[in-house]
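Down below are the structures I want you to see.
There are two complexes below, and they share chain A, which is joined by chain B in the first and by chain C in the second.
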Partner chain A sequence: MTQLGLQRTPARRIQVPRPTRPRGDGRVALFFIAPVLLGFAIFYLYPTIRGFWWSFTDYSLLADPEFVGIDNYVAVLGDSEFWNSMWVTLCYVVLNVGSQTLIALLLAALMHRLTRSVVLRTTLLLPWLVPNVTVGLVWLWLLDTNLGFVNRTLDTMGLDKIGFFTNPMLAIPTISFINTWAFVGYTALLFYAGMLQIPQDTYEAAAIDGAGELRTFFRITLPLLKPILALVLVVSLIGSFQIFDTVAVTTKGGPVNASRVIYYYIYQQAFTYFHMGYAATMAILLVLILGVLTFIQLRLLRASESQLA
Partner chain B sequence: MRRNTALRIAGIATAGIVLAATAGCSTQGGDGGAVTLDYWLWDDAQLPAYQQCADDFTKANPDITIKISQYGWGEYWTNLATQIAAGSAPDVWVDQPSYYPQFVADKQIEDLQPYIDEDPSAVDFDAYVPGIADVYKIDDARYGLPKDWDTIGLVINKQDAADAGIDDATLQDLTWNPDDGGTFEQVIAKLTVDKSGKHGDEAGFDKNDVAVYGFLPEWADGSQGQNLWGNLAYSNGFTYSDVNPFGTSFHYDSPKLAETIDWIASLADKGYAPSFDTQSTLSRLEVLQSGTGAMTSMGSFNQLMFKDTASDYVFAPLPTGPEGRKSAINGLSDAMYAGGKHKDHAWEWIKYLASSDCQSVVGATGVIFPANADASQASVDARAKLGLDASVFLSYAQEPDGTFLIPITYHGAEMSQIVQDAIQSVALGTSDSQSALSDANAKVNALFE
Partner chain C sequence: MTTTALPPVAVEQPPAPRVRRRRAGTRVSLGRILGWTVLVIALVGTLFPFYWMVKSALTPAADIVSDAGNLWPTNPTAVNFARVLGLLSPEETRAAGGSGASINFALYIWNSVVYCALIGFFQTLFCAMGGYAFARLRFWGRNGLFGILIAALMVPGIFTLLPNFVLVRDLGLLNTVWGMVAPSLLMTPFALFFLRQFFLNIPRDVEEAAMLDGAGKIRIFWRVVLPMAQGPLITIALITVVWAWKDYLWPLLIGRDESVRTVTVALGVYLQQSPNTQPDWTGLMAASTLSVVPVALLLIFLGRRIVESLNFTGIK
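Right, the complex of A and B next:
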């Protein structure tokens, strides 16, 4: 009993100064956070709450919103265009995130194991520095069927022209490829930074044990990179779901509805058809879907556990 | 204490910068006696002409300044809707027949009839091209004063026509029907040339290896087909709806339309036009100017694009169909924002824009055909000086029922997507025209239930 009591006292003593310190820090911290918090409240929280309210209304943007209960939700779930655009978006995400992650991993591993040239790293980042709309326009012109460089080259080689943006089967793969091209350097750099964190001695040990490059990659690099991999996957998945600009610049959702991704459909409903309430409903559903996906992904990858610890 | 003060100063300074930026980025109109009116338009080619009108107007009315903003067609309507939602819409904007009914339904544009009643001499309706003022009339209300009008014609590469041995008289009097395409299809076939130099009507023509397409169709043409299919279908006896404006029962399932769409799609099958999935993403006029197309249809508002290459192109009227020669006619207007703060001043400006004074200034540039008939003639003359023959666009008006009004409806934007998707699916070959258009028609009619 006394022993226990004695043990407790020092513990208490350590805790004594705490109440004063954190309080002071908290106030200062709040002060520093305030501008961001204010921005968050005005530009994120308030619009989200408003959007949530609009999802229960019939709102044309021009006249006042009118409460309609869950009518919008019922209509969205029965809207074949909504499900089509979810499917199109999913195809895009799988193609884009898949190719981007694989190529970026390969590039990062090459940079890590072969060369550490700064020039090379900077060059890889270049497409990422170009604004998305410019990227879209450049590829639109390069891939144009009549006047584009790529099709002209195919034509002079005696091959058939390819309607990259105008063939419904190719529109989404083309857009995925464009964005992979634009973002792969950035993703590779994130992976590369993650690889630099892996202690060099693990590689030395592997080399002494006679492991080849492939084995080292799968047994050491990949497992130790898992937290970064998980983070990058979650961020690119969410980013990829938000594909809008490239579609808006190149195909505008066409041909017919082959590349009408969910963000473009939401935009059309809100600003072309003036169905703000309906658009808000789809946005809320998208938030729910993305939340669930992120949760599952983090769970599957157990992202918080690093094998380095 | 000291640190807190420093922090506070830093905080205040940050807030100050943010506020200054906010104030600097927003625009403020003048107050007091002088009024600044915001005026929006989308065509950058027309901006200088209307700036001239604004300057002349301010000279006559020194207390009213006009601030013109120009946004591209792509952003124009979205920007306008968001500005209206934010309560800061322009006082006057250029309006278009497919968009204005939505603004009327949401009570965002002012009925101008009361202003006209109070000021009967303000507008001379007899001076306008007939029918063009009524586009913006709903019952006794008037939601805009006429600004300009346009029709559709054909533009043909002169050298290609000469190489194919087609004379000008043939081009100026083409015929068309949905069965064999008439002389229109014959000319298109002759204008098409494959890589080995064989024309589309010659034996041994390779439709899979075409160098110059005879015709460039427009497949992204909404629910109106203003640029081609609407005109051909109309000349084939098709009508869009029970009544126009403001029809509520539509006829997109008509076989007259289906056979028209089938004919246009057949051009690609024969190699006379690029197939839908290999067409350029650039505009048809750009493809035409690049030399890979020999002929296309175009609106009168685009003719000035050819001012530097006028001698290389021929302009011709649309072909005569089974029911005659028909062109869609469209007209823009100036609308007044119902929530504006200076409506009386805005009325003065709209009145001036609709007057022959302003319209002749615009007409003299040749950029568009003003609603005022005399100013229209001035525009035709201005184009003639540049070597551009604009008479084809006026030719329809000389025939009885030579023009038809493009459909003016509620739900215009949704209809546009539904019908365009159906027509594109025919062009892609993923569905047959009759069933695709019948489905689309059911969806369109459901919007009005």
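Right, the complex of A and C next:
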């Protein structure tokens, strides 16, 4: 066997360059990509087609889907609850992504100018590693109206207690704040990594020219960080639109739907009322909206790419 | 002579820079103090909720009102951990402030560990194989196929979630480990993309040398490529495991049953079972602490690796 093998290899070596090239590594490649292809076909492609089909049907999970044309789309677009949940989600996204990005930029810039401490960075990352359910629970307790630390502190300072989760005006800002707390460290580290890629000599040149810290930040750091800023914004925006866990744990969409975000509404329609077709339709509209947003943001990203030469 | 002459020179030199440094120091010191203040506030703001969680977990349920404003529990106890881990009898649990319903976080943590380990291991392995094929092997339709697979990155989870739930239900896999891990076991577009990117960037020399020695593609992959890719493989496995640990919606739909319930689902159920007017905060915080411990350990032992992995997973 070994002798045969030894004899065969030289022959093959000569064959390999020309005749087998066009055929490529077909059979071996199939072995390598089979699991990935299978996973994609069963759990990404098939459900996408199926979900698309459901959006044209009346499907209650119990009986088979029944074709209804574009009824679902008409119904969703005329559903004030749908628009309310889109509005709520948008408010959440703006508050969350806005505050998260600004604070993260500040923290990243400070770390970049002051310290390389791994301990600091690791600590800032901790909330990101914790399940959102846990984060929601801990803040539900900290912000509890009667016994929560924050309201107890307000009380001892002689201030009125605040119903962070029970006041309809405050529910979404509170949830935005909680998730900003959870993700700001992660975002800051992404910005920090981007800042490390900016050549040190640009800063030295700025220092020689007598530019102050603020001026350096706005004239050097920010413009050179633009591509990463855009990328992180795209990722945060898409992620932020998909908020579910924190709402599910803290308010369950309440009070009176004040925090019923789109994911939660789709979840309710699908698994509380068993309106699968209706839920699939809303999911498709969400895909479209996210697609348009991503496209716009990537366009902005490409426009600013040339800044880092 | 020269050696003895050196020290005085060395002593004489410092004053000049020292003066300069001090002047520069005083000029920015206010900004520096302000900057460090912000960082310290961020640090305290990050850690305080965790501190409060642990503190509340160590507070006896009877003291929850009297200790609500204290920074340290008056009578610290481990009884809340004991009862959420299912170590106490129902009577003892009720005496310690629980509802008496069966709560067994030891089991839920084990379920979560199994869930994360299966997903972390198989997804990394299969995506490494796929990523290698898409980076190195030549076959018909390679780039088009890869483009299609990566397009799945753009599809939000909720869209595939509904049909996947129905599929798992129809296959009779509700409340089984395999039903829970199925959609993430074989691939995620992110892991595939990340590993292909890595394989594109490593030099071909070693593989070519192995090929000249007569090794087949599969052998090269196992013996040469995988060992070389250890770092990125561990990184992607870590990220996958962390995400699996945080998963909530999917395990909530598929694994409500106690035998497969993960930590996050169990926390949600625990909160629901607890009376709305007066939730069992001490028990809930003990359970929350247990859900943080594994990731905190991960961060302590692999913190540098995780932090540095962000530099390239997040950006490239």
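Heads up, the rule we're going with is that the second predicted complex is superposed on the first by the 267 of 309 C-alpha atoms of A that agree within 3 Å, B and C clash if a C-alpha of one lies under 4 Å from a C-alpha of the other, contacts with A are read in each partner's own complex, and residues count from 1 in each chain.
We take it that a residue touches a chain if its C-beta (ideal position, glycine included) is under 8 Å from a C-beta of that chain, and two chains touch if they have at least 3 such contacts.
Here the structure is a predicted model, which is why all the values come from computation and not from measurement.
Judged by the touch definition given at the top, the superposed model places A:L62 against chain B, while chain C stays out of reach.
Of the two partner chains, chain B is the only one touched by A:Y273; chain C is not.
Once the two complexes are laid over each other on the shared chain, residue contacts for A:L147 go to chain B and to chain C alike. Applying the stated contact rule after C-alpha superposition, one finds that A:P35 touches each of chain B and chain C. Set against each other, chain B and chain C touch different numbers of residues in chain A, with C touching more. In the superposition on chain A, A:V287 contacts chain C only, with no contact to chain B.
Of the two partner chains, chain C is the only one touched by A:R121; chain B is not. Legend: residue contacts after superposition of the two complexes on their common chain; A:P168 is shown touching chain B, with no touch to chain C. Counting contacts as defined above, chain A residues 28, 31, 35, 61, 140, 144, 147, 271 meet chain B in one complex and chain C in the other. Against chain B, in their complex, chain A makes its touches with residues 28, 31, 34-35, 60-63, 140, 144-147, 160-163, 165-168, 250, 254-257, 268, 271-274.
Against chain C, the residues of chain A that register as touching in their complex are 5, 9, 12-13, 21, 24-26, 28-33, 35-40, 42-48, 50-51, 54, 61, 106-107, 110-111, 113-115, 118, 120-127, 129-134, 137-142, 144, 147-149, 152-153, 156, 181, 185-186, 189-190, 193-194, 196, 213, 228, 231-232, 238, 241-242, 244-245, 248-249, 263, 266-267, 270-271, 276, 279-280, 283-284, 286-287, 290-291, 294.
Of all residues in chain C, only 28, 31-32, 35-36, 38-39, 42-43, 45-47, 49-50, 52-53, 56, 64-65, 68-69, 126-127, 129-130, 132-134, 137-140, 142, 145, 148-149, 152, 154-164, 166-167, 182-183, 185-187, 189, 192, 212, 214, 216-218, 221, 242, 245-249, 253, 263-264, 267-268, 271, 281, 284-285, 288, 291-292, 295-296, 298-299, 303-304, 306-307, 310-311, 314-315 touch chain A in the complex they form. Residue ranges of chain B in contact with chain A, taken from their complex: 7, 11, 14-15, 77-78, 81-82, 84-85, 102-103, 106-108, 208, 220, 274-282, 286-287, 290, 292, 413-414, 417, 421, 424-425, 428, 430.
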